[in-house]
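Shared between the two complexes below is subunit A, which has subunit B as its partner in the first and subunit C in the second.
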Partner chain A sequence: MTATTPLRTWQHASAVALAVSAALWAFFVWRAPIDAMQGPIQKILYVHVPVVLGAYLGFFLTALGGGLYLWRREERWDRLAAAAAEVGVLFCTLVLVTGPIWAKGTWGRWWTWDLRLTLTLLLYLVYVSYLLLRSFTEGSERAARFAAVYAIAGLAVIPLNYFAIDLAGGRTVHPENLGRGSLGAGMRAPFALGMLTAVAAFAHLLVRRLEVGALRSERDRREAEAFREEA
Partner chain B sequence: MSYAVASYALVVGGLVAYGAWLARSRRRLERELGGPRERNHG
Partner chain C sequence: MNALVAILWKDLLSEWRSRDRVVAMGVFALLVVIVLYLAAPPGSGPEARAHVPGLLWVAWSFAGVLGLNRAFALELENEALSGLALAPVERGFLFLGKALASFVLLLVVQLASALAFALAFDLDLRPVAGRLALVAALGAAGLCTIGTLFSAIAVRTQYREVMLPLLLLPLLVPVLLGAVRATNALLLEGTLPWPALQLLLVTDGVFAIVSFLSFEVVLDE
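Up next, the complex of A and B:
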């Protein structure tokens, strides 16, 4: 039994959940009706909206891990924060890739400085900076504390991003959040299964990234021990 | 339709590529950690 054994169990469980939900999601996306206004390009939203959930989850867990690290001073919470930030940034990258593709087909241009789009870019840059900060100051407890405070402060962008449509007071071209917009018949299932698949994919990648983090930590610990023995 | 297909391909490709990079990192670290463990027992 090693430190990474429980992670392996979660890895296998999340892989099964991901395979099942992804298969169902693909089926329902394929079967979903073609939107009367937008045409087939509307189907991009069945993947664009779920990857936003992955990004939010990642950044929320980064702040949570940071908060728990500040409270308990246990390295595992810092590792959770670092892992969640990396997976969150991956999902946010996918948001910023799929969004402009949908925009090009719908609005006729890749990007516009709409409040929601600008705040999504800001959210992305906040957590890319977090990862850069960590990479430049690896291994230091002081850096881990600073990263934790930064991650918690960065979390403020999420509600701004989520409520951007309301904050813009109608001066936005981005569609409204799900639930308040109108979903036609046959569109709920692909959205719901997309969300489930995004959560499963996020969980699977996070567990695998945590395993890599635990192994890196073990390697660093051994290197430090060997250095002390030599000295 | 090509925009939609490109979006799905980029998302699946991005997630799979990251998963593959994690698998490579894990194997490399396990190899590195396997070395010192054997030396310690020897």
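Up next, the complex of A and C:
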């Protein structure tokens, strides 16, 4: 039994969950009514809002994995942090691509320095720097330690950024429809299924990336063993 | 605590003897002032002056990053960093010593470049000098605490000169926003807004605690 066997189970389970929820989600998005004010472009929100969940989940898990690594010094927690950061950056890229497309159609401009836009962009830059730090640090143990410290500092700065941007007058112009419950008939289901699909996609990609991490460390271990035997 | 004083004294003394960091930071800040002056709206009218607080912090944060890049590069010579890591003292105090040394050097550069800004943009800083110094010191404290932590990280990576600004600048937003906002109100209206000051104080506190505690694992060799 290899270290990747339990991951395989999760991989199959998340793949099935992803396939089912994605199919249902696509059907409900297709069936959802066209927004009277915004037109068909409103449907991009059925992608945009759910992927935000994946982005934030990724960044939270990165800091959690980093913290657990510093505490327990077990390599698997570092693998979790690295995997979550990569998947989180992917989801955050989707957020930053879909958002402006919708904004151009609805607000008339690609970007505003709105509170949440700025926060998300900064968070994105923090985690891109996090990935660069990992790839520019030699030695997996050192990279794990450095990355963990950076991920925790990155998480600590989120509330500070929130106050800072609020102070700088970055009023939020973001719609708050979900919270206010002002969604039209037939719009609730695609949002809910979108969330489910995003979580399933996140889980699936995370598990696959964890498997890559586990295989890599297995390869490194075998290479080190072979090297020792030769010497 | 003795380690803090020893490190601070060692850094300041070696800087006093070579003067390379302060001179490099100072000349760099001056060059930034000149470039920004040329890039700002022409003349020294109110339109140009409205940009000064932001430009001032651009010059100060760039000079700060330049100085922080050297803070640990110095310790790589003769494996001094390993010596520091092996020293039987609380590592948090090593961090505080290094951060304080960078802080003192940055304050010197801030003072010199503020004078250069005042001359270039025809500003009378005397009525707000004390409060401006407070804002500059609070901003510098935030920059030097988290900056010292990341400098210790960046120095052990490839492309270390590039790595430090990449790590530091995205996290520096609360410090820069608070400092620019406070400086703006100070230079344009002569008032010091409490929310901006509060943000600076809280951010400095959070950065100092996070850096003090994490320095332990950053030096671990």
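Everything below uses one rule, namely that the second predicted complex is superposed on the first by the 205 of 231 C-alpha atoms of A that agree within 3 Å, B and C clash if a C-alpha of one lies under 4 Å from a C-alpha of the other, contacts with A are read in each partner's own complex, and residues count from 1 in each chain.
What we mean here is this: contacts are C-beta pairs under 8 Å (C-beta built on N, C-alpha and C of every residue); 3 or more make two chains touch, one makes a residue touch a chain.
Just so we're clear, the structure is a prediction, and the values are computed from it rather than from any experiment.
Trainee: After the superposition on A, what does A:Leu70 contact: first (subunit B), second (subunit C), both or neither?
Mentor: Second partner only.
Trainee: With the two structures laid over each other on chain A, which partner does A:Ala168 touch: subunit B (first), subunit C (second), both, or neither?
Mentor: So A:Ala168 only meets subunit C here.
Trainee: Once chain A of both complexes is superposed, is A:Leu132 in touch with subunit B (first), subunit C (second), both, or neither?
Mentor: second
Trainee: Should A:Leu122 be classified as contacting the first partner (subunit B), the second (subunit C), both, or neither?
Mentor: second
Trainee: So, A:His48: does it touch subunit B (first), subunit C (second), both, or neither?
Mentor: In the superposed model, A:His48 contacts subunit B only, not subunit C.
Trainee: Quick check for you: in the superposed arrangement, does A:Ala156 touch first (subunit B), second (subunit C), both or neither?
Mentor: So A:Ala156 only meets subunit C here.
Trainee: Quick check on the superposed pair: does A:Ala224 touch subunit B, subunit C, both, or neither? Answer first, second, both or neither.
Mentor: Neither subunit B nor subunit C is touched by A:Ala224.
Trainee: Counting only touches as set out at the top, which of subunit B and subunit C does A:Arg145 meet: first, second, both, neither?
Mentor: Once the two structures are laid over each other on A, A:Arg145 reaches subunit C alone.
Trainee: By the touch definition above, which subunit A residues appear in both interfaces, subunit B in one complex and subunit C in the other?
Mentor: The overlap between the subunit B and subunit C interfaces on subunit A is empty, containing no residue.
Trainee: Subunit A touches which residues of subunit C in the complex?
Mentor: 146, 149-150, 153, 156-159, 163, 166-167, 170-171, 173-174, 177-178, 181, 195-196, 199, 202-203, 206, 210, 214, 217-218, 220
Trainee: Given the complex with subunit B, which residues does subunit A contribute to the contact?
Mentor: The contact residues of subunit A facing subunit B are 40-41, 43-44, 47-48, 51, 87, 90, 93-94, 97-98, 101-102, 104-105, 201, 204-205, 208-209, 211-212, 215-216, 218-219, 222, 226.
Trainee: Quick one: in the complex, what on subunit B touches subunit A?
Mentor: The contact residues of subunit B facing subunit A are 1, 3-4, 6-8, 10-11, 14-15, 18-19, 22-23, 25-26, 29-30, 32-33, 36.
Trainee: Looking at the complex, which residues from subunit A come into contact with subunit C?
Mentor: 70, 122, 125-126, 129, 132-133, 136-138, 142, 145-146, 148-150, 152-154, 156-157, 160-161, 163-165, 167-168
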